[in-house]
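As written, the chain order gives the labels A, B, C, D and E, with residue 1 at the start of each chain.
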Amino acid sequence: MDFPLPLPVQQVPLSWYLILSAILFALGICGFMFRRNLITVFMSIELMLNAVNLSFVAFSYQFRQVDGQIYSFFVMVVAAAEAAVGLAIILTVFRNRQTLEVDEMNSLKL
Amino acid sequence: MILLTVLFLPLLGFIASLLMPRDNHEGVRRFTLVFSLIVFAVSLGLIGPVLAAPDQYSHVTDASWISTPNIRFHIGVDGLSLWLIILTTLLTPLAALISWKYIDHRVKEYFAFLFLLEFGVIGVFVSLDLFLYYVFWEVGLVPMYFLIGIWGHERRVYAAVKFFLYTMAGSVLMLAAIVYLYLKSGTFDYPAILARMASGDLVLTPAESLPLFLAFFLAFAVKVPLFPLHTWLPDAHVEAPTAGSVMLASVMLKMGTYGLVRYCLPLFPNAARECAPWIAALAIVGIIYGALVAMVQPNMKKLVAYSSVSHLGFVVLGIFSFNQLGMDGAVYQMLNHGVSTGALFMLVGMMYERRHSLEIKDYGGVATPAPLLATVFLITTLASIGLPTLNNFVGEFLVLQGAAMTNFTWAIFAAVGVILSACYMLWLYQRVFFGRASEDVQHHMPDLNVREWAAVVPLLILMVWMGVYAQTFLPAVSASNAKTLEQTKVNAEFQVQTPRTAPGVIANAR
Amino acid sequence: MSVILFLLFAVIAVAAAVNLVVQRHPITSALSLIAVMGSLAVLYLLLGAEFIAATQIIVYAGAIMVLFLFVIMLLNAGAERQVPGRSLASKLLGIPVFVLFLGIVCFLIQRFYASADSAVEFGSFTGGGPREVGMALFTRYLLPFEITSVLILVAILGAVVLARKELD
Amino acid sequence: MPVSTWPSSAEMLRFLPEIILTLAGTGLMIAEPLTGENSKRNLGWVSFVALVLAIFAAIAAHGNPGPAFSNMLVVDGFATFFRILVFAVGLLTILLSLSYLDREKHQQGEYYALILFSIVGQGIMASANELIMVFVGIEISSIASYILAGYIRDDKRNNESAIKYFLLGSFATAFLLYGIAWIYGLTGTTNLDAIRASISNPDFASGESLIGFAAALMAVGFAFKVSAAPFQAWAPDVYQGAPAPVSAFLSVGPKAAAFAVFLRVFRTAFEPIGDRWQPIVALMALATMCIGNFAALRQSNIKRLLAYSSIANAGYILVAVSARSSTGTEAVMFYLASYVLMTIGAFAIITYFSRQGERYVEINDLSGLAARQPVLAGLFTVFALSMIGVPLTAGFFGKFYIFRAALDSGLVWLTIFGLLNSALAAYYYLQILVVMYMREPGEATENLAPMPGGIQAAVWISAVGTILLGIFPDLLSKFTVAWTLTAK
Amino acid sequence: MAESQQLWLIPILPFLGFLINGLAGRRASKAFVNAVAVGSVVLSFIWVTKVLTGLGQIETTHIERYFTWFSSGNFSVGVDFAVDRLTAVMLLVVTGIGSLIHIYATGYMAEEEGYYRFFAYLNLFMFFMLILVLANNFLLLFVGWEGVGLCSYLLIGFYFHEKFAGDAGKKAFIVNRIGDFGFSLAMFLIVVHFGTLDFGAVFESAATRQPETSAGVITAICLLFLLGAAGKSAQVPLYVWLPDAMAGPTPVSALIHAATMVTAGVYMVARSKSLFVLAPIALETVAVVGIVTAFFAATIGLLQNDIKKVFAYSTVSQLGYMFVGLGVGAFSAGIFHVVTHAFFKALLFLGAGSIIHACHHEQDMRHFGGLRKKIPITFATLACAWVAIAGVPPFSGFHSKDAILLAAHAHHPWIYWVGVFTAGMTAFYVSRAMFLTFFGEYRGHAHPHESPSSMTIPLIILALLSLAGGYFPILEWLAPVLGEEHADHNFALVAVSVAAGAAGILLAYVMYVASPGIPDALATRFKGAYNLIYNKYFVDEVYDVAIVHPIEQGSRDLLWRGFDAGLIDGAVNGIGSLSRAVGGGLRRLQGGNIRSYATWVAAGAVALILAMSITGGVQ
């Protein structure tokens, strides 16, 4: 596809994408560590997967290959499947405990 | 073939007694007695060929067991192991005899474990493959753990676990060393490894052989037990049922000293010689320490247990004297200790059966109601303190003589143990048998019955026999020890020829 | 242009992601996540991954996130309570771990990736269209593709097992 | 890039076991609503038969080894070994589950389908030759496992187990995925052999540090799956909370498959940077052993104890992994097989003993079991002794092979620590024996119904296997030797 | 070698007696037990005489080898018997006096429980004593040495109901063990340096060695032997067991603790003469130990009230004399004194036994008195012993003691003078005992009666021997074996010693017959010295406080409770507790919180990344 570029060319290095990906990934980790709602925690994981996808696509660009994109496609499928299962599990948990607090899930210990 | 039979009959006995009906106690007892007597009888068949060539392995079976890595089922008997095997097969029926009334619950399991123990112990003494050896070494642990843990006294659990963990912790490093040796030599086969060492195909640098030696040594030292690794022993003995104590003292401890002679010296002669002064020092400390602590024990079994620490100190000292006399004495002393301490534990157990106490203060004046018991105990005591014409004397003399030849100071200190042994044993004897019998003692101490006689008489005979005519037993031991000593020298000479060896090692290799 | 676009959407993505992490209410977080996904779709386009960009919007932001919102609403999940969290570890280690992780990754990228680095030129790679993706997916990636159906089957099965009403 | 044609029949054959299981699983889903309440048990037998068929298929596939589906999969001895192993795990699990589900009144076809699907994932992991297959395999196995862990959904323990497993598992998978992305980014490929070729190329552009970084991220994912420290925390909670047969399954099946993948990836793709990961894995092994064993010392719940024990076992296996040799790989294989036997055996007994609602899962509940049920106690003893590593049990040879491999690779310090750890471990296993043999019988040992046939079969198979491998390890080791991962 | 004399029969006869009585005696009649016990010893005596007649003059040592006891490498020990002139003397003494005492004991022990046991032990003692004497190597000698110690232990503890008997037996055995410690070490040294324990070989090679290289070793060997001998023969500082050993039945005291066993030390030193002469320092020490013991024990004997204790200290003192004899090189004189001492001391003890028997087991001399008329035979025979021990010429004690003292004078005059003084004391305390027992008024409550003939006949025989024993040509007989003494018969010196004896007797007469108030007056006057001596210098107490008690307490509190239970087990259990504490800590980390777990995972990831990307990568 041909797309005109009106601005003086100052290209974005690929590493910026990678760094962005890393930032998002790290934020996802943060979300897991700091959020206390099961669903938010789960969403943090989705954020991490998204970050990974960005990396895949960036690398795909680097090699001018489609394989990386295929990967991110699979990741999405997996994410979808995980979402279905994960939310179902969260539902059963909520049904039994009436709470989504992560910190309440600690009857199994010691 | 005989050896295979001797080795596997106990296993068969183990399985058979497990399969027997649960509440037929008398049947299991009879079966155990008869069957173990058969094993004993068969084991006597080992003697002839071994005596004909005691420095060679007789009754050898060498079959492939595991292909990767190449582990062989290689067994054989020489002069070193012969009498230990016979001792084991002899003590098993005796152990069954003394457990007759003593064990009244879970009877068949008890006797089954007794067989398993016999199997493991014999296996240790006959293995000629390091791996096989380790396997049997550990196998012996399990039945003893249960014997102590199930049929023991109040603190049996603590004692059983302590016993198991101590030994286990000691022996895992030996496994590592065995594997290391295998990796160096490419075989687990013990004679093959020695042959490779002798021919120079396998050279252990000092940096290797010292840790390897220590790994083996630690395992054995725990088992012996050598001061200061002995504290499991008193607990195990006190808590174990009588037969457990007997087997533990008489044969299981010998697994350690046997290992020292069989493996530690030939495999790592230089390291062993290098460490000999330290080990001898520990042994001597053990001799004196064990005796001193035995002296103040209020509990009979504990006293005998500490006396074992002292006695086995002699054995270790003899081994690390590195001369014929010392080693002969050490091996002989193993047998002696097996006989006399085994008998002591039996007698203490008989007294426990009558009085339900092991505390010395609960006795006194036993000689009055039970003169035969007193007499037997006296003879055993005298054997234990090394009275000439009884067995221990020969062993102790040779050990001390051997030690004196290596370093006279050792003999001086070790001989103090001989004095002390008289102190604690006679004091024990006095407190238990002398004096006026209390009402309780008077009424609850019947004399030995036939079954008990049958259990102790063989040992009494042995005490005298071994004390008066040691030549029945010693030449075989001597011949195999001579070979062992030769092996330690061959290697030493080889080391001398190798320029890589550090000068210190040569200096130490006499 | 691509620089501006990149910076713009990168900032949006990061901001939304930060919002996801700091917001207490799951709805807010979910919406933030959708924003992240949207901006990522733009970046995918910039990288020449058209098909993925579209899928990102349709499947990810559209389907999956809607599922999330459904569940949030179904469970009527409210904001987290203002009680101190019970995880000492995350309190003590959370920030250092975050900083360290990010620091190391950035350092590694700057230090080692530079040699392989290249400028992203919009349109220089056009292998990300549905055709190319389809070709790869049904030839080389046939097996994983088929296998993901098992994955989805499992997911369905799981949802059924866990969420269905008891029959009895 | 070569465009592959339609897969050949040989390639189909190489994938046949998974196909069989998938079909069976799907069939079970379909059959489930059509089956009457009383005959649902038969669905279990269907899955059993499917697994048996899958084993035959795996053997058949081994007759024709090689890559399949554009090199996505590879059928070699290593793959076959792990396939058969996880299928066997499935068989034993089903034997346990049959009566368990009856007892807990949850006899459903879906359960068996989930087991089968999970095993499909593990089978793929065993034979994956592509990072994408690794990923998909792990995900299939994991997602099915998450559901299984929470299978009794009205049980709070099950719920919690599932949610923990799920969240942490997904979290770790994200790391794995990030690692895969970076590997792809650095080498341009996800094929294990190609990665290796690329890394070992002296002109490799990005240097080893980034590869190390990527490998580390992947290691996080694998280490999590095998419950290696410091990623082990989930395991005790999950195993404790999950239904007993599922705990049995989880502690062996996914773990075995994860080790297979771990080994294949690290010994194939990352072998060139072995100097980097070996010490790390060795340290991880040490930490895992120590954490597992020390924490186990203080446990009172048997399932949790076994969980810690499984962590410790993972530590031993990691020792062999860190040996970085084909003997190490053999050791992993042997150990896992013996570990499967003894763990399933122990869990089988717990499954039976715990009774409805898993009421009796404290160690003290076993008090005096030997007096009441000598055979049962004897069997448990066999497993405990095997876990301690007493000779003439499979566990002993497992440990032996592991430490041999470690010594062979010069990991003397690790060997010594490992051996000391195994002595330490003896303590808590002995504690179980103490409770069973040396205490007075308690309330929990009364009124034990006769052991259901399935569990009985599983226990006896495990026990006989444990002892048989303990006496004749050759039975197995000739396969491990022949089928070890060969360095190319 | 001369034809076999079946030497083995000599010890084996009593051993058979032991076996028969030990195994069957419990159910057998007293007559049977008597017959076996006495018969076996008498037969043995007869056999000895037969053997000795067969051997004639015994110019060379007659050796009979039976079997190898044990061997190891080049070293082997055989059960070999040998007879030379020294052995011959000892054999006669042992079996002869042994027979008499056995006969005596049948009467003395008639009413005791465990009659068969007593005789079994006594026979066993004979067996071991004969082994000791017949042995042809040090180890076999040691067998006998230990064996007699055992029998001593058994017989001292014969009245095992009484605590003191048990204590005394144990003490005897243990103190002997200390001596044996020396003996064993000496043997070890011998083997180390000579490679054998056979008497002939050892002595021969010792004599042919270069003195400068082996003198030190031989001195050490001899000193260690001395330690052994001191234990067995109750020399300073190991004499403490012998007085306590009087807890045993009186025939035992006579046989074992006076006539035979305690002289084993003397015999052993004489036997090792070839070594001792090469070690002058050791010989000197022997003499000093002997004279110190002689003097020291005699002082204690002065104030004892128990008749057996008096004789016990007297024995210690006399043994000291024998050691002096050995130490000054008069080996034959030492052995001569052994023989005469065996006569008169056995007689003293048997007589004392007769008194005790008569007075219903009363042993305190303060409760005797005036027994002269009540038990005349006993008195008469005891009087013979009295004159013998007091050194009244021409009775046996005079001859042997003078032989020793003269030799001592030739060597070290001071030893002679101390010896003479001691002789005076000896005469005093024996006379004191005699006076207190037989003279004055009867102070006891029993009705003394004369002993049966089985007891009196041995007394009479011994009395004759005590009187005439000095004329046995023992010195001459032994000269070829043990060497001649070169002391000239200086009549002045003899006179002095006789005078000392006479003075002792006189003083005793004055103090205990003429004016009985003197002892008490002296006791109050020299209260400190009196108490010191009366309490035997508190030696037992000092040993208790300085050795026994610290060892016991130290073992209990320091070693057992402190080191064993405290330190080692504490460490072992500490490892256990520590492990459990670590486990507890880990358990706390495992708090069940998902976010914590995730944090660990993330932190672990960071650590892993750090480790794997940085190591080796960034220089």
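The rule is simple: contacts are C-beta pairs under 8 Å (C-beta built on N, C-alpha and C of every residue); 3 or more make two chains touch, one makes a residue touch a chain.
All values derive from a computational prediction rather than experimental measurement.
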Can you give the shortest number of steps from chain B to chain E, where adjacent chains in the path must touch? 1
Give me the set of chains touching chain C intersected with the set touching chain E. A, D
Chain pair showing more contacts of the two, A-C and C-D: A-C
Centroid comparison with chain E (C-alpha atoms), farthest chain: C
Find the geometric centre of each of chain D and chain E from their Cα atoms only, then give the gap between the two centres in Å, rounded to an integer. 77
Whole-Å gap separating chain B and chain C, where each centre is the average of the chain's CA atoms: 69
With centres defined as the mean C-alpha position, give me the chain A-chain E separation in Å. 97
By the touch rule stated above, which residues of chain C touch at least two different other chains? 85-87, 90, 94, 97, 101, 104-105, 108, 111-113, 116, 135, 141, 144, 148, 151, 154-155, 158, 161-162
Please list all residues of chain B that touch 2 or more other chains. none
Multi-chain contacts only, two chains or more: what residues does chain E have there? 587, 589-596, 598-600, 602-603, 605, 609, 613, 617-618
By the document's touch rule, what are all the touching chain pairs in this structure? A-C, A-D, A-E, B-D, B-E, C-D, C-E, D-E
Touching chain C in the complex: which residues of chain A? 1-3, 5-7, 10-20, 22-31, 33-37, 39-40, 42-44, 46-47, 50, 53-54, 57-58, 60-62, 64-67, 69-70, 72-74, 76-85, 87-92, 94, 100-101, 103, 106
Touch list for chain D against partner chain B, complex: 330, 370-371, 374, 385, 388, 390-392, 396, 400, 403-404, 407-408, 412, 415-416, 419-420, 422-423, 426-427, 430-431, 433-434, 437-438, 472-474, 477-478, 481
Per the touch rule, the chain C residues reaching chain A in their complex are 1-4, 6, 10, 13-14, 17-18, 20-21, 23-24, 26, 29-30, 33, 36-37, 40, 43-44, 46-49, 51-52, 55-56, 59-60, 63-64, 67-68, 71-72, 74-75, 77, 80-81, 85-87, 90, 94, 97-98, 101-102, 105-106, 109-110, 113-114, 116-128, 132-133, 135-137, 141, 144, 148, 151-152, 154-156, 158-159, 161-163
Touch list for chain D against partner chain C, complex: 1, 3-4, 7, 15, 22, 25-26, 29, 68-70, 72-73, 108, 110-111, 113-114, 117-118, 120-121, 124, 130, 132-133, 136-137, 139-140, 143-144, 146-147, 150-151, 153, 162, 186, 205-207, 209-210, 213
Using the touch definition from the top, list the residues of chain B that touch chain E in their complex. 162, 166, 228, 230-231, 234, 289, 292-293, 295-297, 323-325, 328-329, 365, 367-368, 371, 382, 387-389, 393-394, 397-398, 400-401, 404-405, 408, 411-412, 415-416, 418-419, 422-423, 426-427, 430, 433-436, 468-471, 474-475, 478, 482
